[in-house]
Amino acid sequence: MPRRINITRRRLLAGAAATGLAAPSIVRAQGTGARAPLKVGVLLPRSGFEASIGQDCQRGVDIAPAILRSLGLPELTVMNADTESNVDVARQRAEKLINDGAQLLIGAFDSGQTTAIAQVAEQKGIPLVINIAAAPDITEQGYKFVFRNFPTAPMILGDAFENQMELFRIIGSAPKSVVFMHVNDTFGTAMAKGINAVMPKFNVPYKIVDEIAYDPTARDLSVEVAKAKGSNADALLLVSRLNDAMLITRELVKQRWTPQAILSMGPGWYEDQYLKTLGKLSDGPISFVPFEDPNKKLAKSLQAALAKAYPGLNLSTNHVYTFEALLIAADAYKRAGTSDPKGLADAIRTTNITDNVSIGPGIQFNAKGQNDKLKNGAIQNRGGKLATLAPKAAANAKPEWPMGSYANRT
Amino acid sequence: MAAKTSASFVDPFIRIAVSLFEDVSRQTIALLGILLASLLIVPWLVNDYLLTVLIVVLYFAFTGQAWNIMMGFAGQLSLGHAIYVGLGAYIAAVLFARFGIAPWIGFLAVIPVAAACGATIGFLAFRFRVAGVYFAILTIAFAEFARIGFDHLDYVNASAGLFLPVAQYARNDLWHLRGNPTMFYYVILAAAAFAFVVCRALLKSRIGYFWLAIREDEQAARAAGIDTFRYKMAAVMISAVITSFAGVFYAFFYNNLFPEQVFNISRSIEIILGPIIGGIGTLFGPILGAFVLTGLAELLNAAMAAIGFDLPGAKQVFYGICLLLVVVALPEGVWPWLARRIGVSESRQ
Amino acid sequence: MTALLSLKRVSKRFRGLLAVDGVSFAVSAGDLFAIIGPNGAGKTTLFNMIAGAIVPDQGSINFAGKPIGGLPADAVCRRGIARTFQIVRPFPALTVEDNVIIGALLHIRDVGKARTRAGEILRSLDLFEQRNRIAATLTLPDRKRLEVARALATEPRLLLLDEVMAGLRPTESDRMVAILRSLNRDNGLTIVLIEHVMRAVMALASNVLVLDHGIAIAQGKPEAIVRDSAVVQSYLGAEPV
Amino acid sequence: MPIDVYLNVAVAGILTGLVYGLMALGLSVIFGVVRVVNFAHGEMMSIAMYLTVLLFSGLHLDPLVMLVPIAAVLFVFGYALQAGLINPFISRPEHSQFLLLVALALIIVNALLILFGPDARTVQTSYAFDSFQWGALIVDATKLYAGAAAIIAAALLFAFFRFAPVGKAIRACADNYTGALVVGLDVKRLYALTFGIGAACVGAAGVMMTLIVDVTPMIGPAYTLLAFVIVITGGLGSMAGALLGGLLIGVTEALAGLLFTPSAKSMFAFAILVLVLLFRPQGILGKRSI
């Protein structure tokens, strides 16, 4: 805590310099021994408007060390930094972490903050493993030290339609028309832009009768839902966030409309808080999202670790991919046998982890640093738990279709 | 004859240069010299992290100086300066990303747009007698318009964000603003120094006196024959154009733009905190304010890291408390207080 | 000789109240013209219309042969009419010198030359010693003179003074009278003043206009005005000389 | 689009607008009297919202029962804030007041983040999902209750300023500061009272708002801005104006969302604000002040 507030410029610089300059020497001292823990800087938006997600991701970080140890992977020293949901702070924190000796960076959920960090990482030659960020551009910039183990918006869309088609085959029916509602933020817009390009590649049986974009800071979605209801579509196709997913559900109940299905292609509808807050009303929606494969061994141990550390919490996408980023780091460190950033980056490039948590064949990166093998799952809310419906390899339940009327639940 | 013409051509510039430093006390010149010299050699002394912090400091010193023209000189409270940053950022970035046009040329395109935007807001406000808090809200409204508008503007990729191609770090390309932090540091240092000199020149010129008159008492200024509408318009437009350069810098430094980030009200607030804390209407105020605020934020981070206290939000609470204490204890800002302490006189303008 | 300033049937209404009702008068160049009348007679409203702070509802105002009624205040000032305010309004946070420089800059574009000019004016009004003080810290008489100085710096042909003597002690008031007389006689400046202090009016004015309830009830030489029965009844009766 | 959709949306807009109006009323009262622009208004509301959530989850008290006690708590908060911190700032320039309240807002937002965590909190009453149906018109029950409570609270406030001696004194203070001093009113206390009353308004609005929206620590700034838009549209300092502004903005946003893309609906609120500023700078029901 600052003792006094009237700090002169000189004293301020001196103070900052003292904290800043001391760090690199520690790195050099530790960097020589291969067995020393790898210093991993984790940048997450833990305050500001993305605090909720950032702090959820952080849980994935907190439960990771024990699991990694049990896998026989080398120790990691995690250095946490808060980006405050702000691009410039993200950049400054990244510089600070590297300065304090971080040998690898992980972050940062938000595409803007991630890009700002990516530049620092690239410039310093420190590998960055992106936990979550869907903007396609990030891995199209020619970065050499930036890796992303998360699907891009077009990948998410492609898988969503593939899984929907599989679902419709299993059920033997499909909606004829949908209304497409999406939040007008970075992710929502990227998805909305991608949909026209991706959808024609699949023989999707329904037509989009209306597209409704809404404000990410919307306080009230009654108009949006009334408009959707007025379009008389069979089902709702959505890209939303947690808070608006809850708002939309409430409005559906109050406006007495239960669509045949709620098909979500983003966060919100399967998240823990959604299930907890809405109780019985949370049942039914199907989410087509990057998710865990519940049949994988590591997924089970991650679930167990989470249940122990945060009882009552369901595993979320945030936990899964943040954990996997640390997994990638530890794995690369083990194989590289050095904390030299260049060596680490080369090791990451040749990553081939098949025993992972998320759906799909495993973790590999293409030349651009993107894991293009990632697969989404289709998951449905059932009695406060999540059931995986597709793809076949990860499925553990049959779909409930059409969803039960909201009117009969209370 | 030739010598004489060239002398008479150079003469006004010399006179301007001299007039910039006449009636400046020796301490002030010494202070300025020390400040500039230490800022110039800084890249050799500090690591990249501190350099980034200093870039942020100078960025806010620059925008604070530009904002101060409107508020500190002409007395018009703008809470929507993010609009000029955003316009500068988007125009320069789009020109570069789509047509490969260098940001310096891009800035030439930014100037008329920023000036026109400032002129529009100014014209509406001053013609329709929107003043004080109402003017402040009007400026917010325009920044919000821009935010929502850009959120829907497909040409700049709407809210999905605009990304600049990756910077080549191997060499510093000043012309295309691609390079390492040291290059960006000198760019923003030059900009901040330029803004300082321009502001001082403006303040000591006829227009500066007229602005001060308007700030002090608009009706009395009119009675003294000052066409207040015209000079207020000039203040908005000059401030807008200078601020818009900060946007160009922002776009090329961070390499990505999201309307939600650049046009956000919190951006406008960040811009004005420095000059208010430092001392409104003074030339050193915005610089000092930027140092104090960014330094404070980093210091709090470092202090919390040192004691191993990792609680999201705690830093902001302490930061808020510090702001509160400063504004309660030093109503005129830190600089006028400090200037009295160290015996440097900057007349209370 | 044509008048420098002439008003014809000028009226102004505020909500229901007719503040100035068809007032006409003329001021010739070189005149020292006083407007007197009880409180609320419409004197300041009349001033504000001449100076451009208020637009008249009816009537015409001509200055140097051209209509100025309805022009904004700054345009009126640039035509050559400077004013002071009843409640003084120097630029409070600026120095005395800067206050006057601002006035001088209206016609002198160069700041250095404006400063020289401001110095001359401040000297003539005994304010030069105080030039580096902040205006807000001056005493009331000094602030009143500062306002006159700022007005003079705009190089007016006509000076409108709104109760510059009010609140001054007799010695200070005498000093002001001397300054105004010198400006009028030595520099040929035309002055129109609103005044309550009759002693000053009698000492200074060459012509007097008496306003009552917005109507001009008398006009003439000061000696004649004092004898006018209507004036005595409405005004002087209440407040003997 | 069937006509009943318009009807439903318009009614929802009116009800939400009423609650917005009540929130903005607090801002208007404070500005009208104290002449301080409360840039921490939305943040103060989020305090009330968290209090509601706490009491609801702890004691299972219905939010509508908590209306008066929470308004009272906020009154005390507002009173103390004005008396302790803001009072010296009354004569300071706007930017100085602005900074003070922005700092306060920053502290509130982040203190709430530390205390309650980042996740959205909600109050799930037994009637949270009720709605009334009359033919094609479906009205959200919580919005109806909140709207009704907003009208009652506003009516009480009007009565207070019209009939209570203290209310009249405050009005006198607002009309003529020096006059109030001359007749011996304790202006400082009246200012603190006014700030308290404004805070109580926003407290009551916060309680009702929890029926309609979930609360997060970051919710404040958006509501501060919204309150500004409403109050300036309606007329800063005018109580009826705040309610009218709330209705106008509520209905405008609702219909704009229906007719155009909902993601741009707040643009229409700002458009109304700009038009009002240009053609009636004092706001629709405001008095022209100097």
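When the chains are written out, they are named A, B, C and D in that same order, and each has its own residue count from 1.
Keep in mind that, in the parts below, a contact is a pair of C-beta atoms (placed from the backbone, for glycine too) under 8 Å apart; a residue touches a chain by one contact, two chains touch by 3 or more.
Being a predicted model, the structure only gives us computed values, none of them experimental.
Peer 1: So which chains count as neighbours of both chain B and chain C?
Peer 2: Looking at chain C and chain B together, no chain touches each of them.
Peer 1: List the groups of chains still linked by touching once chain B is ignored.
Peer 2: Drop chain B and the rest splits as A, D | C.
Peer 1: By CA centroid distance, what chain is farthest from chain A?
Peer 2: In terms of C-alpha centroids, the chain at the greatest distance from chain A is C.
Peer 1: When you take the mean of every protein CA atom shown, which chain's own CA mean is nearest to it?
Peer 2: Centroid comparison flags B as closest.
Peer 1: Between chain A and chain D, tell me the centre distance in angstrom, where each centre is the average of that chain's C-alpha atoms.
Peer 2: Between these chains, centre-to-centre, one finds 36 Å.
Peer 1: Let me have the rounded angstrom distance from the C-alpha centre of chain B over to the C-alpha centre of chain D, please.
Peer 2: 33
Peer 1: Please report how many Å separate the Cα centroid of chain A from that of chain C, as a whole number.
Peer 2: Comparing mean C-alpha positions, chain C is 74 Å from chain A.
Peer 1: Could you list the positions in chain A whose residues touch two or more of the other chains?
Peer 2: Residues 46-47, 51, 54-55, 184 of chain A touch two or more partner chains.
Peer 1: Give the residues of chain C that touch two or more other chains, as numbers and ranges in rising order.
Peer 2: Within chain C, no residue contacts more than one other chain.
Peer 1: Chain B: which residues touch two or more other chains?
Peer 2: Where chain B meets two or more other chains at a single residue, that happens at 151-152, 312-313, 316.
Peer 1: Between which chains is there touch?
Peer 2: All touching pairs, sorted by chain label, are A-B, A-D, B-C, B-D.
Peer 1: In the complex formed with chain B, which residues of chain D make contact?
Peer 2: 31, 37, 85, 88, 92, 94-96, 98-100, 102-107, 109-111, 113-114, 118, 217, 221, 225, 228-229, 232, 236, 261, 263-264, 266-267, 270-271, 273-274, 277-279, 281
Peer 1: Under the touch definition given earlier, write down the residues of chain A that touch chain D in their complex.
Peer 2: Counting only chain A, the residues touching chain D are 46-49, 51-52, 54-55, 184, 212-215, 217-220, 222-224, 226-227, 229-231, 242-243, 246-247, 250, 253-256, 273, 277, 281, 410.
Peer 1: Spell out the residues on chain D that touch chain A in their complex, using ranges where they run on.
Peer 2: Interface residues on chain D, with respect to chain A: 1-2, 5, 8-9, 12-13, 16, 110, 113, 117-120, 122, 124, 128-131, 133, 138, 140-141, 212-214, 216-218, 222-223, 226, 253-254, 257-258, 261-266.
Peer 1: Quick check on the complex: what are the chain B residues that touch chain A?
Peer 2: It is residues 46-50, 52-53, 56, 151-152, 157-161, 163, 165-167, 169, 180-181, 254-256, 258, 260-261, 288, 291-292, 295-296, 298-303, 305-306, 310, 312-313, 315-316, 318, 322, 325-326, 329, 334, 338 of chain B that touch chain A.
Peer 1: Hey, which residues of chain B end up touching chain C in the complex?
Peer 2: Those in contact with chain C are residues 19, 204-206, 209-210, 212-213, 216-217, 219-228, 347-349.
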